[in-house]
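In what follows, structures are represented as C-alpha cells.
There are two complexes below, and they share chain A, which is joined by chain B in the first and by chain C in the second.
For the complex of A and B:
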C-alpha cells in the first residue's frame, strides 16, 4: 500500500477547509436567519466515525458554485491517496438544514483534471444513508496533479455543483 | 479523374495505425444488438445481386447548389438533388448537367419550403417538405400527386422531417422534430410509428437519415446519439436489432451522422462531422471509408466537408455525396482493387489544431464565447487585442459516457446557443443534445495577466428542459407548448431575464434569473405576426426591443420586451432590405440591427428609429477573400464596437467596423495554403 504521503493544497474559489470545530462558524444562515440545523450538532457529527470504515476522518465544507447549497464531506482514507480507491461521506445542506436525500435531492460525484482534459478512469457509486447523507464509493485520482472533485446536486430538474479543488503530489 | 493522395512514410504509418484500429473499432464503437433479429441477407439486397462495389474514387463535382441537403438516384440514372435554400429539387444527368427543376417556394401542393430529404420511386419523387412539415409525392415533371401529413406531434403528424426511405409499399419518415420514425402507406395512410426521445436502444436524438434494405430492415442515422440504429420491420412493427457508432473519430465511430444508404449488402453513412463516408456491413461491421477534411479552402477532388447525405445509383457503380456547406455534391466511382486507403487525418479538434468555430457566438465587454459543436466545446476569448486571445475552453468528451449513465454536467452534446455575460462572468450554454441549459462561471479578472487557463470555467448549474417544460405547462396562463422547450437561440437582458427562441415551438419564452417562466410571445395574434421558425434573437441595448430572425418567414420580427408585436424587417428576395435565409441577428450600442444571410452571403445593417426602418448598409459576397463569406453565420459586437461574424465554412471569424469596413480575420489557419490576397 502506498503510504499516504500526499499533500493537499487548497485552491480555487468556494472552498473552505474546516475542522469540525470551525464548521459551526462557517455554516451559512438560512433565509430566515437561522443557522443550519446540522451545524448545531456539527461537532458531534464530524467526530463520528465513518460508517463504512469505522475510522475517523477530517471534514471539509464547501459552498456550491451558485450558492444554494453547503456541502460537507469527509474522505476515507484521509488525505486522499494517489491512485487508490477512496470513499466519501457527503452531507448536503440548504437554507432549511440538511436535505433529506431520498425525498428531495440526488447527488452525483465525479472528478477531473481540466489541464489534462480527462476525468477519472473509474465510475463512482453513490448510495444514500438513512440519515440523509450520501456515501460515495469508488473514487480514484489516478495521477498526481491538479484535480477538481465535483458534487452535483439535483432537485426538481435543477442541478448545482459544489467543487473542491486539490493538488496531489 | 482521380484523387491525389500523399504517399509518404508518415502517411503509410498512419494508414497502418488506422487499419490496426479497425480490429478494435467494434468494441470502441459500442455496437449493441438484440440477438437473433438480423434476417438472413438476401442475395440481392439491392439491384441485380452482385456484391457491393467499393466506392470512393472521385469522378465529378456538381457545383453551385443552394444548400443541397439530400439526393437520390432515379431509376434512369439521373441524380435528384434537394436545394434546400431554393426550395426545389434539381435533376442532373450523368455528366452533372442540370436538366430539370421541380418545385417552387411556397406551401401549396407542388410547392416546397426548405425541403430536406428525398426518395425516388419508379416514376416519382417523395420529398420531405420540411418547412411545411409534410411529405409530397411529385411526378418527375413536378405535378403534385400526394400531400401527406401536417405539422404536429400526434399520429401521422410531422415536425421538421429530415429523412425518407421507401420499400415496396411504405414510406419511412425520420420525423426529426419528434424524435421518431413514422410509417405511411404509399397511399398516404398512417400505419405506425416507433421511437421516442432518448439514448437507449430504440430511442432517438434528432434522427435524420433513413434507409431500407431489401430484407425488411430499416436503418436510421441517429445524429445526436452519434450512431446508426437498425430495426427489423415486420407484421407492422419495428423491432430493434442493433446499433453501432458512438462519438469519435476512429473507424467505426461516428460524429453527427446525418445520412444513411443501403446498397448491395452495404450500409453507407454520411459521417458529417468526421467529414467522410463510412461503409458497414448490415451487421455494423466496419468495412472501409473514404473522404478527408478539406485542406485547401473549398477544395474538391474527393475532399469532403460536412457530408449530409449519400446516395448510390441502382447499379452500385456510383455514389453521390451532398455537401451543403460547400454548395455542391460530389460523385464517386469504384476504387481500383489494391488501392491503399487514405491516411486517417488527425482530428482537427486535437490540442494544438485550429478551431473550427461554431455558428453561434456571443460577446459582452471584453469577452467572447463561441460554441464549437464539432469538438463539443465552448471557447472563451479576450477580445481586447487586435486578434482575440483564447483564455479557456470547456466541455468534455461525451463519448465516454455509457448509455445507461446520465451525461456528465459540464460536458455537451451539440452546444448551440451561447450567451456571454461579463457583469456576472456567467456563460449560458444551450446543450441541445442533452436537452438542458448549463451555466458556467468564469474565474477571470480584467486586470489579470493574459494567459490560457483550462480550469477557468466552473460549472455552476443546469436546468433540465423537460422539467422546465413541465413547470411551464403547470403555470397559469402559460402558452400551450406542443413540444418540450428547445433552446434554438438565447439572449439575456441586463435585468437577468433570459429570452429563449424555440424554433420547434415557434415561440420566444422569457424566464427570470431563477428560470421561472415569465411570459411567451410570437405564438399568438394575427397569423402575420406569428413566428414561423425563430433561429436567433437579439435585444436592444435598453432591453426594450426584441429582434427575432425568423428564417422560415424570411424576415426579422420585432417585439417590445413584453412581447407585443411591433413590425417586421425585410421580406423574401435578393435586393437591399430583402432576405433569402435570415439566420442571425445582432444589435449594436446605437440600436442598429445587423442581419446575416448565408444564402446571400451578406450582412445587412438597419437603422431603427421607432417603427421606422432604414437600410444603413450591406456588404459581403461569397468567397474566401477579406469581406467574403462561405456560410455566413452568427454575429456579435465586442466592446470595441467591432462586428464579429462567424464565417462558418471558411472556419474563421471576421471583424468589421459598424459601417462594414473590413478590419481583420481570425482563424482559418487549418488551411495549409495561403488565402487570396486582398484585391
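For the complex of A and C:
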C-alpha cells in the first residue's frame, strides 16, 4: 500500500520537547516550555561532522525558513551513507518556544541535488513514534555531491520548510 | 565558443560550500591517520592525492556477491546446474533456435556485439553483459526487474526475445529427461503438464490490451493450473539466476594494482601501466567518473541521463527508467510478490520506497565497467562502436539531446580531453578486464547434476 506522500499527523509535541530538553540538554528550556533558543537560526548545526563523508552525525537542529519551527533530527545509520537507504528520527518544536500541545502538524521529507536538477529515486515514508517524534524511512542520497534535505511542516494549511545542506562523497 | 575546461559533474557546484567542505576535509586528516590507512605508494606508482587514493581503495576488492534472500536457491549447486542447462536451452524459444546465450554469448563476454539485440524480433536496446549481475540492484537498462531471477523470466516470453511461454518451459522440464532430472534434484518432481487440454503448449499472460494467442490460452486455464505453471516458471528463473550469479569478474589488473597499493608491493602495482594509472587518477579526480561508476563494481546501481543521442532519431524516444519504474512496481514477480522467498528486508525496501518522477524520463542504468573493454558497442542503444567513441562523447558531448518538456537531470559537462587523456582513460578501462571463468560454466552440455541437498 502506498501512502500519501510522507505525511503523518503529530499531536502533543510538548511532551517531546520537555523530554528532550531534560535528556539531551540541547536547549534552554524556560518555565513556559520555551525551547531551543541557543540553536542556530536557519542553518544546519551538526554536533559533529564526519569530514570523510560530509554527513552529519549525532543530533542536528535546523530552523524553518519562516522561523516558526525548530526541527531536530538524527539519522540511522549516522553519518548518512552514500547511496544506501537511511532513516531519520525527526522532532518538530514550535519556533516561538511554545510547544504544540494540541495543534496538528504534518511533516513531509524529501531531498534533492539542485545543481544536478534531480531529487531522490525513492519516496520516503513518514510515521509517528509513540513519543510524538516522526520516523522517516526510505531516504537515499544516491550520488556523491551537494544535497539538500527538506522538512516541510504544515499546520493549519501553512507550510514552512526547514532545510539541511550537506555534501557527501 | 571553446568550452571551458571543467569537471565532468556539476558535483559540489556551490563554491563557498565546496571551499568549506574541502577545508574541513583537509583539516581533519592528519598525517598519522593517513599513514595508518594508506601506506606510502610503492615504486612505479604515480602521485595521487589523498582523496584520489581513498576513492581508489574503495573500488577494490569486489567482495563476495550479496545474498539474495528472495531466491532461496541462489547459491544451490543443483540450481546452478539446472540454470546453466536452461540458459543454453534453445527449446525455450518459439522457434527452437534462440536461447539466453544467443544474445548473452559467453564467447562475446555474455553480450552479442550488436548495437541492438536480435532475438525472435529486432531488439530496442543493446544487450547488457552478464558479468557481476549478482551485485545489481535493478535489472535491464530501465530497471524493470528488481531481482535477478525475475529478470530471467521476461526474455523467455517476450515476443522480440525468445518468444516462448511458461507452459512451453513447464512442458519441456516435464518431458526432457535431462532437464527433468536436474529440476528434480533441486525442486522435486515437476508438475505433470502433459495434458494439452489443461496445459496448452504456448500459454502466457500478456499486458492488458495486447492481442496475443498465448494470452488467450493462458486465460482459458484454471487458476490452480496457472499457479502450478507459475511455480515451475519461477523455479526456472531462480535456477537461471543461480547460474548467472557465478559469472564473476573480480580480479582484473586494476585489483592487483590496488593490492599493490595496500601492501606496498611494487610488483603488484606494476599491473597498471603509467598511462592506465593516469587514467585512473583522472577517473577518480578531475573527471568525477566515480560519481556514477561508484564502488568496486563501478556502478551506483541507479539511473542517469547522460543525454546520449539516440541511435535512430526517427524512432520514438526511449523513456528509460520512467517506464521501468512503473513496470517493476507492477511486476507480480517482484520482491514483494507471492513468489519471492523474502518479502521483507532490503529487497522489499527497494520496491516499497521506489519513486517514479518526471526526471526519470530517458534515464538508464549505470552499467558496471568491469570487463567494459570486452563488451562493445556501448550505451543503451549501442550508439558508440568502441571505447574511443565513448570517450569522445564524454569529451565533447557532441549531439547531446534533451527531452523536451520533461524535467531532466543535468549532471555532465564536456571533459575536453586531450588525446593523451583519452588514451590514459582507455588504458584504465582496459585494466578492468578479467574474463576468467570455470570452463564448466561456458556451455550447455549435459553433465551429471550434483546430488540433491
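Keep in mind that, in the parts below, the second predicted complex is superposed on the first by the 103 of 169 C-alpha atoms of A that agree within 3 Å, B and C clash if a C-alpha of one lies under 4 Å from a C-alpha of the other, contacts with A are read in each partner's own complex, and residues count from 1 in each chain.
Everything below uses one rule, namely that contacts are C-beta pairs under 8 Å (C-beta built on N, C-alpha and C of every residue); 3 or more make two chains touch, one makes a residue touch a chain.
Source: prediction; values computed, not measured.
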| item | value |
| --- | --- |
| First (chain B), second (chain C), both or neither touched by A:167 | second |
| First (chain B), second (chain C), both or neither touched by A:94 | neither |
| Which superposed partner A:145 touches (first chain B, second chain C, both, neither) | second |
| Touched partner set for A:66, first chain B, second chain C, both or neither | first |
| Which of chain B and chain C A:74 touches, first, second, both or neither | neither |
| Partner chain(s) touched by A:120 [first = chain B, second = chain C, both, neither] | second |
| Chain A positions touched by chain B in one structure and by chain C in the second | 115, 117, 119, 123, 146, 165 |
| Contacting residues of chain A [partner chain C, same complex] | 49, 51-52, 54, 82-83, 85, 115-125, 137-138, 140, 142-146, 165, 167, 169 |
| Residues of chain A touching chain B in the complex | 12-14, 65-66, 68, 108, 110, 112, 114-115, 117, 119, 123, 146, 148, 150, 152, 156-161, 163, 165 |
| Residue numbers on chain C that touch chain A, as the complex places them | 9-14, 17-18, 21, 24-25, 27-29, 54-55, 290-292, 294-295, 300-303, 346, 349, 352-355, 357, 359-360, 407-411 |
| Residues of chain B that touch chain A when the two form their complex | 351, 394, 396-397, 400, 405-406, 408-410, 439, 441, 443, 454-455, 458-464, 466-468, 470-471, 515 |
